[in-house]
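Structures given as structure tokens follow.
Next come two complexes, and both contain chain A; in the first it sits with chain B, in the second with chain C.
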Partner chain A sequence: MIKAMKPSRLAAAATAIVLALGAPVLMAQQKTSIKVGFVTFLSGPAAGPFGVPARQAAEAIVESLNAGKAPAPYQIKGIGGLPLELVVIDEAGGATKQVSEYRTLVQRQEVDFVIGYIGSGDCLAIAPVAEELKKLTVFFDCGTPRIFEEASYKYVFRTRPHATMDAVAATLYLLDNRPAVKRIAGINQNYAYGQDSWNDFEATIKVLKPEVEIVTSQMPKFGAGQYGAEISALAGANPDVIHSSLWGGDLEAFMLQAQPRDLFKKNILVLVAGEPYLHRLPGKIPDGTVVGARGVNAVFAADSPLKRWLTDLYKAKAGIEPNYPAYSVANAFLGVKAAWEKAAAKKVGSAIPMGANKNVKEEMEKAYAPPTQEEVIAMFEKLSFDTPSGKVQMSLGKGHQAVTGTAYGTTRFENGVVKVGNIKYYPAERVNPPEGVSSLDWIKSGFRATAK
Partner chain B sequence: MSVHRTSVALVAAAGALLALGPVIPNWAVSLVNVSLGIGVVVLGMMVLMRTGLVSFGHGLYYCLGAYAAGLASNRFGAPDMLAMVAGGALAALLVSAVLGLLLAKYREIFFAMLSLAFSMILYGLLVKSADLGSTDGFNVHAKSIAGFAVEGDAHRLGVYSVIVITAALCALLLDAYLRSHRGRLAEAIRDNELRVEYMGASVFATVHLNYVISAVLAGVGGALMAIHIGHIDPEMTYWPQSGEFVFIGILSGTGSVFAPLLGSVVFETVRSYAYEKSPDTWQMVLGVTMLMVIVFLPGGLWSLASRLRGRPDSARTGG
Partner chain C sequence: MSQIPAVLADAVVYASWLFVIAVGLTLIYGVMKILNIAHGSLYALGAYSAVTLAGGWLAKGYAPLGSYAMLALAALLVGLIAGPVIERGLLRFLYAKDEIVLVLVTYALFLILEDAIKLTWGVDPMFVAEPYALLGNFEIAGLTYPTYTLVLVAAAIVVGLALWWALGFTRSGKMLLAVIHDREMSAAMGVNVGLTYFVTFTIGAFLAALGGALTAPTISVVTGMGAEVIVTAFAVVVIGGLGSLGGAALGAVIVGLVRSAAVHYQPELELFSIYLVMAAVLIARPKGLFSGAEVRKI
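After this line comes the complex of A and B, so read on.
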């Protein structure tokens, strides 16, 4: 069939359509599917708020992509015409076990690439192993900036922005809306993410408004559950603003215990990672609380065919609106898909000078074979692609770390649901450090530092 | 007689593993590395179990060993595998020699809980140390073996060889100790401390020594794991990790120095396939495995070996 066609016509044909229709025929003896390792918390405290929603999103996204139901530019079935097959692994057990499981996934299961990891410690541990095993690995959710600031990787990508943006935008939003704040307090879990979140916030606000006073910083242990002492300390310090990166059961417990004690009567609560809980806290979240979704995700995402696509498929699977982990998963899958298909199109586009070669069949087979991992990576670096949360640009970490804009809003309780209003958007370059500068240095330099 | 046999078998097994190293698939290398790294810690658990003690806090020395190795590599400019292992052993030795003075006076649940408490103190300290990465920990990369730089495939095989040889050495030395006069006292103490004292031996000194030995083994295991995994975090001293050592210890049995190493391989294999085949219920697979062993093989997996040889479980087994 291919032989009978004129090569010039082939070249003219839209590469995407040919890929979708022609590729499976050509690759009958080669690749018939793409195996994706997907690692997320299925047990432990992070499973409920992040891990399981991420898994549901991943499964629904794979079904939809395989059926070719995604909107443009992702309408090609699966990835590059090949259906996706998920291998799901529990992220529980700590970095030591995750490294072993990652090796199993890559070497025993022979997955084509890995998408995963919510825990920052897991991401830090996996990155060098991905490099050693030379396997494309995309982190979809973990937040620590250390990954690409302390090292650089060829096979590792992260399709969500790192956590610094959350603190910087929260401060900007706060000062935009309440420029008179003076007394700042914090309650954050005593583990890496909680400490980083508070340190970034504290550093940012001290740069932008040096006269503020930090009245107290409470650091309850992770999973504490009881916050009586912290609530007393916060109330006693009489702050204008309470910053918190609490999440999951800890956030819910804190809100339930703080509300009856009128902790939030006189101050503004800033919940950096508050978005996934809005539907769980009707009536328990005070009006005027500042919430973020760690990117332009969920309630902050502008209406688009991609957002409607994600919302519909997630609702059909989970029965509720997708939260930010679901958006993060979508970004990871769409990022790989965009890079893969771009690499495939480039191969076809730069195939033989059409009509000049005798070995047309062989050359065409080569051109239409799935791109190699190296070719996908070359396209993934510095890629800019569309997602349900808008444009994602892989511009940090030598093209391996995404940046996006972000948004914050204020809650109000209306007709039994928590709504988010007064939404402000902050463009990527305003809330992310430039390439080559560490996040904390950038903040401390008053957002002026540039790479030497 | 059995002296000779265990040592010969250990050397032969280590030799066979070393020869297989370049041939077996990469994931199997990783499985052996993890199993033996953990296995060395469980060797330490075996010494304690023979003494009649169960520690729910051996994560303390496992983690100390790993952090000592990590700091030796990242902060003190010694990214050499042997230096890292030595650092891990030394850190565990120093801390256990002191803590042992207190712990050697306690038995049963009091010993178990006190050791748990010390391990959680280290956890608390590490979580508060932002400089060491708090709960995220930090990456470690060993660059050489005894001064010879290794990279790529040589690094992979180097790590494997260091782990196999270290584990075999630990097992050899431990086996020699357990056969010595002092070593044999362990079971006597488990059975009747008073009679041991009447015989003129010091129960306290023996328990203290056994505690230090088990801690050093845990430190070495931690350092080996830091080298293999390339990342360390406070999870290594969190209580489920210590519980896992007890779990493998019971699963293995205390009949021979082979038991913890083999038991560890079995545990790692079961766990890895459980993760892969039933991501939602892997915990249940492990639980059921444990239950079966307790019900059908109360002496641990090793009692299966003695049964197969037609020997009843001797006093050496038990646990």
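After this line comes the complex of A and C, so read on.
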């Protein structure tokens, strides 16, 4: 016969097991830091111009936030007093790889939230997975408007405006300055961002100036490197304007190959994402090129304590002025921080006053515990917060998609550096569709459509 | 204005570029039966070395024309160092293995070299554009082309003719052809197969690096550039028939023409054009245009 364990012993054993199992849970509840998954290109063509500056910005921002050195309203250390801990992942390798990397981040690394993604394709793939795994995920840089226009998400946010704004503002700027343009050409990469950029630009200019003629639209593959035939086709089409959302090594290769072939002698080049290259290709950007920074970032940002904060911490880390991806990273971190701290403040504010409940200690612990993810999300929706590039409003995509104003300017090569002059600012509501209307419908309606 | 001259000119330039890269790949496959995925990395190594050497040369204020010598030197250095090191240090231990194993080995090597490049040169794109514009321009049908593109075309012709001559009209070339035809029989007849492999791989590596070095002044040299190139080069080689030099030349010309026509007439098809040709060729001739009848070995 098996000897039965004495009830007292059994209870002790059970308690020990429960304690052993429960210990990690209890420890997890006493949160000592916030783990942030940060995904950015560390290799491949997007690493140099975007990915690595983004990582440098993220590291410098986290150091500064943890030290409590950010200006108002972000003086609280870390986020809500808890220090941030970065887990950096390489975005290279395509959407399928990124989905499994994301699962690892969330399920094995158990990050509290994820900030990341430069590639539009990666964002489109990650959004449904974030929803499935119920993990707060903030896209900091990808541009495609389709994310919140074709679906709606609870856990996904994007703290930078989508690419429609770039195209609409580029067209407004072009027509403000060169109303006589007639022949339009484009060269954009054949993937989500390049196609969206071109489609929005083409649609906008056709609405604002229906008599323009699209003479050619070149769609080289991403990373093509060789643009000889495209340059011939562009030159042969004899356009007044060449629109391009090329970026990274592709933009540099295109500029290096096009310049000696006199492609830009007779037309205006519009580089919607041109800002990061002003310092890299000073002698290769023709005078009079229209450039944007995908928002009021970098050269376009007005002076403010937050801009000086970002500039100083980035310069100390990277040795150069922050480019627009660094600004986008700041938006993401400050957005989560603003939402988190607002949620924390709300909890404390709505806690039951002392004495009203028997267990005051428990009530206080609850009120001062870090907010839950759901509480942070509730505050993040429709949030308006300050950033180094000005006010960001989470007003599209049911409060999950940011809008800001934007700016464009014209380049001039002076004493070995490229200066941006004739800067024009466009307010958010002029260059972004209203809530509930898809970008393309809004543009095609002559910017009049409103939600049904 | 007719676009045909521009289509042809762009096709010739692109085909020349493709040929220089693809011919090394097909040579190595023809002789060694290794589909060398690391060919893309050798191309990237050539480009990075070229940027470093030519950039350094120009930064020192030496005669700009000397930068062309630096491009050639970069290709030679990569070919003569990386080629022998890879062949002697790795591949020679694996010749008895299956072709698939060797594909995996060269793929692993490709990944290692990609990371080695990142460690050495970082991830910031690099460029040295001076050699591209230095020689001035010329015009075809109203379009401006840099004279440098002629260097590329000349390099492709020289490489093609040199290989054709060396294989067909020299003693060692004939021995090489014998190895291509039947490795075991050649070895039995006294051909030093090991040496043949060594020389072939070194030449192949040099050609990959030469492609990279000649391309470097026209592009921004970035990490991952090797992956893009190996895919296109592979398509060219498959169209022509794996292991055939004439096939590589014809494949490059066909791909160049189709791509150039697509860009000029139907730009949205450009992405697909190369694979369309590949699919069409493989349907008609599954082993590529220049593949001969295969001897079945028992």
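By our rule, the second predicted complex is superposed on the first by the 416 of 452 C-alpha atoms of A that agree within 3 Å, B and C clash if a C-alpha of one lies under 4 Å from a C-alpha of the other, contacts with A are read in each partner's own complex, and residues count from 1 in each chain.
Keep in mind that, in the parts below, a contact is a pair of C-beta atoms (placed from the backbone, for glycine too) under 8 Å apart; a residue touches a chain by one contact, two chains touch by 3 or more.
Keep in mind it's a predicted model, so treat the numbers as computed, not measured.
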>> One more residue to check, A:315. First (chain B), second (chain C), both or neither?
In response: neither
> Of the two partner chains, chain B (first) and chain C (second), which one does A:108 touch, if any: first, second, both, or neither?
Replying inline: first
> Looking at the overlay, what does A:121 touch: chain B (first), chain C (second), both, or neither?
Replying inline: first
>> Output check: A:249 vs chain B and chain C. Expected answer is one of first, second, both, neither. What do you get?
In response: second
>> Quick check on the superposed pair: does A:192 touch chain B, chain C, both, or neither? Answer first, second, both or neither.
In response: first
>> According to the stated criteria, A:225 is in contact with first (chain B), second (chain C), both, or neither; which is it?
In response: second
> First (chain B), second (chain C), both or neither: which does A:42 touch?
Replying inline: both
>> One more residue to check, A:52. First (chain B), second (chain C), both or neither?
In response: second
> Which chain A residues lie in the overlap of the chain B contact set and the chain C contact set?
Replying inline: 42-43, 190, 221
>> Which stretch or stretches of chain A touch chain B in the complex?
In response: 42-43, 87-90, 94-97, 99-101, 103-109, 120-121, 124-125, 127-129, 132-133, 144, 146, 150-151, 190-193, 195, 199, 221-222
>> Which residues of chain C touch chain A once you look at their complex with the stated criterion?
In response: 1, 3, 6-7, 9-11, 13-14, 17, 114, 118, 122-125, 127, 129, 132-133, 137, 142-146, 148-149, 215, 217-225, 228-229, 259-260, 263-264, 267-268, 270-271
> chain C touches which residues of chain A in the complex?
Replying inline: 42-45, 47-49, 51-52, 92, 190, 216-221, 223-226, 228-230, 232-233, 235-236, 248-250, 252-253, 256-257, 259-262, 280, 284
>> Quick check on the complex: what are the chain B residues that touch chain A?
In response: 25-27, 30-31, 34, 127-128, 130, 133-139, 141, 156, 225, 229-231, 233, 235-236, 238, 241, 268, 271-272, 275-276, 279-280, 282-283
